[in-house]
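In order of appearance the chains are A, B, C and D, and numbering begins at 1 in each one.
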Amino acid sequence: MSEVDLNADLGEGFGVWRLGDDDALLDLVTSANVACGFHAGDPTIMRRVCATAARQGVAIGAQVSYQDLAGFGRRAIDVEPERLTDEIVYQIAALDGFARLAESAVTYVKPHGALYNRIIDDEVQAAAVVAAVRAFDARLPVLGLPGSTFLRIAAAAGLQVIHEGFADRAYLPDGRLVPRGVPGAVLHEPETIAQRAVRMVVDGEVEAVDGSVVAISAQSICVHGDTPDAVRIVQLVRQKLVDNGINLHRFTSLGNGSPS
Amino acid sequence: MSEVDLNADLGEGFGVWRLGDDDALLDLVTSANVACGFHAGDPTIMRRVCATAARQGVAIGAQVSYQDLAGFGRRAIDVEPERLTDEIVYQIAALDGFARLAESAVTYVKPHGALYNRIIDDEVQAAAVVAAVRAFDARLPVLGLPGSTFLRIAAAAGLQVIHEGFADRAYLPDGRLVPRGVPGAVLHEPETIAQRAVRMVVDGEVEAVDGSVVAISAQSICVHGDTPDAVRIVQLVRQKLVDNGINLHRFTSLGNGSPS
Amino acid sequence: MSEVDLNADLGEGFGVWRLGDDDALLDLVTSANVACGFHAGDPTIMRRVCATAARQGVAIGAQVSYQDLAGFGRRAIDVEPERLTDEIVYQIAALDGFARLAESAVTYVKPHGALYNRIIDDEVQAAAVVAAVRAFDARLPVLGLPGSTFLRIAAAAGLQVIHEGFADRAYLPDGRLVPRGVPGAVLHEPETIAQRAVRMVVDGEVEAVDGSVVAISAQSICVHGDTPDAVRIVQLVRQKLVDNGINLHRFTSLGNGSPS
Amino acid sequence: MSEVDLNADLGEGFGVWRLGDDDALLDLVTSANVACGFHAGDPTIMRRVCATAARQGVAIGAQVSYQDLAGFGRRAIDVEPERLTDEIVYQIAALDGFARLAESAVTYVKPHGALYNRIIDDEVQAAAVVAAVRAFDARLPVLGLPGSTFLRIAAAAGLQVIHEGFADRAYLPDGRLVPRGVPGAVLHEPETIAQRAVRMVVDGEVEAVDGSVVAISAQSICVHGDTPDAVRIVQLVRQKLVDNGINLHRFTSLGNGSPS
């Protein structure tokens, strides 16, 4: 029987501002990528999301980012690698504090936004992120794009890597994502998104924008929480996965076995 | 034989900006109040100070503050107590990450600047700070002004409290500090400062601005690192303490015993 | 015939985060209190709101605040008066740049949130705000609570003052607002809010929480844009005012004459 | 007789942190590139530097930057061009407020740090900076590297451009600067720096790191204020220029004529 993790970005409000429905999504996902205050999130939001996630058995992941609230971490920054390592340690550690308050712990790390995209290719920044995870806790798996420089360096450094698939993002024929600015980069039709999720898990493939089929070994499916119909979409994705006999699993489960 | 801890605020630069000579002071103090990024400090500075402190056996304390880089944490903020608790957990946890990277740990908490002063009297914010320390790790002692609301609430909540004396600050007859804005609030003459430190430890008293003598049970002496002659002053304070047969002791030692 | 200005806080998003429907409200109000980046707002939002306001003949006011994005300017800060003056000059000047890009100009100043409330009584901070407005452009009127220390000092310094009434906030018998944290502080029933607005303008009075009637000389009615039904409420307020023969007028008109 | 402007980055402290000796440098330079709060500077520092510059007849320029206090504007950010334009308008406008308080005005714009370097080649961001200056005041000259994409686009858009030479930076044979990270990128020997300044103005050339001679038409010489011996170096540069019969001239003078 197939199994997969279902992850979403959570805790991405800041102060009075809200983004996405954290509570509704925590009922649906198995892993929560919690913003750590550098692109979104603040101490109160972090505490609340960690408390709810822990109560519901949802895995808590550190969604680490460039330091850029004004740009929501969506602009690449040429930060020096040593500084980047330090910034990521800071974020994981801060979030772990709130996870431990909830008698849980940070169990994985997922880079956010522009950092996620940058380290698909950038060896220096990818190595800086890997160095941060290893320094903080070398047992923490990292979540990233299959085929990325990031996952390659992480695996070589002995970190467990989790292959991620995006149910609601358009793919290029080479397995990369269509950049956010490009029309059609983000899918909105719930049925389509749910079908793509199932196909990723069951068949290990996704259809690219040019109609070609890309092989993808998704151990975790990412769904976005900040689109207008986010909750309804995640509900449908979850249901379709279950209807197709796929077991939903948080990372800590995956972490105990050997992901193929 | 008398013993005392010698603490200083460290890691108070930010980005390109420097404040004080961290390395020189780490050679002299027994406890480092490390800024956590809210009033000063950044991830790189935090990592470096923690690494050096750990290497030299200096205790690492979380110098927690209001979130106010622009004001260096020197302006009181009417932050809601729950939010304040969360902000302090965030800071302790982040610093603890760097301390653990250095195979050490945060071993005490000291509020900074306007927060330190506010909770001398403010029950609500004092309780919020105490709640944060208890939530993060109830074994962590807190450093504060003898007679303050903060230490009273902390002790009532079961936290170990450390009485602090300020060798380079003028005292009011009631045991409080002369506010920073007032002329003469900060002493600059090294010999005077060193003598006051010795008198606090040996005789348990300090002379107030009106000439009266205030009883003070200082378990830790604070010296400031951001004044022009900081290093020379701390050297002299340290030497005079040693010359008077006083044993210099970091908090963890105090923490293991029962401070009198 | 009566006349009144209708103002709302606008441009209070930040980066990806939104708050209120700026475009819809700009169709309804006569004056826009535009956030200047210190409690909310960013350069892009400021440019857009100024452009739309200018196009529609809505007056552009600088909604100046404590520097506190994390707290949305809702926490009082003990900032030094000289620094506060400088911060307010900075905000007015920055906004004026965008107003001038749109061939308009900042035509009034309204303090936001905790600063608005603090200077109802705090002489030092009130004087600091007045000093900033005078330094930037002594012809700019200021908007504030009737009877406040702020308006008293502003008038004494030769600034034009605009008396503000809050249609959707509960009043205390002494003419102050029920603090935001208190249940019932913010009214939500559109019909009630609209009736209070009309009564303020036509009869110069408002009913306080204890049932007593408070005299209030409102030259400008504030409606909030960040409540769930904001647009519908403002529409109703506007319509009721017009239905009652009240002429809606932006500040610049008021500014040219002598407000009664 | 030759003439040249002498510019330095000023007002680059932040809050309690200081960088460089603003007052000493304002006695020596003819143009002050004043930080606007995005990479350094705060409202109080901006006001003070503008007041002193105005009093001493030093031209006030907006030293505009990426929004990055943590990195001092030294890390390139992939900010969207429209947003970049807005951020630069915001900075110029804010600084102009303080310049006008001092009965002066912003009279030129100089990009800072990573932005300065990025727009040597980056057409999109260069155009965004040009758009900001044109929108704010098309009469403001811009300061930049001779041969840069920035100055080419600025000139094509009708802006006056000022060619800048760096007396204390090493040059590559193609007229670019040796990047800051590279050893030898910043010169420290006062006599050498002063001689290079004179040669730039008198002979229109500078010796590159490989010993080749690069033609450079410097209308303004930049000296850095944040190096240890900054004041002494600028004194010597100024004296050597004067000793060689070169007239020191602020931009507004240049701006009124036609720079050759």
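One rule holds for everything that comes next: a contact is a pair of C-beta atoms (placed from the backbone, for glycine too) under 8 Å apart; a residue touches a chain by one contact, two chains touch by 3 or more.
Fair warning: this is a prediction, and the values are worked out from it, not measured in the lab.
Trainee: If each hop has to land on a touching chain, what is the smallest number of hops from chain B to chain C?
Mentor: 1
Trainee: Once the contact rule is applied, which chains count as partners of both chain C and chain D?
Mentor: A, B
Trainee: CA centre of chain A versus CA centre of chain D: separation in Å?
Mentor: 42
Trainee: In whole angstrom, what separates the CA-based centres of chain A and chain C?
Mentor: One centre to the other, that is 41 Å.
Trainee: Tell me, which residues of chain B touch at least two other chains?
Mentor: In chain B, 42, 70-71, 83 touch at least two other chains.
Trainee: Would you tell me which residues of chain C are touching chain A in their complex?
Mentor: 13-19, 42, 69-72, 74, 226
Trainee: What residues of chain D sit close enough to touch chain A in their complex?
Mentor: Checking each residue of chain D against chain A gives 67-68, 70-71, 75-80, 83, 114.
Trainee: Can you tell me which positions in chain B touch chain A when the two form their complex?
Mentor: By the definition above, chain B touches chain A via 37, 42-44, 46-47, 82-83, 86-87, 89-98, 100-101, 135-136.
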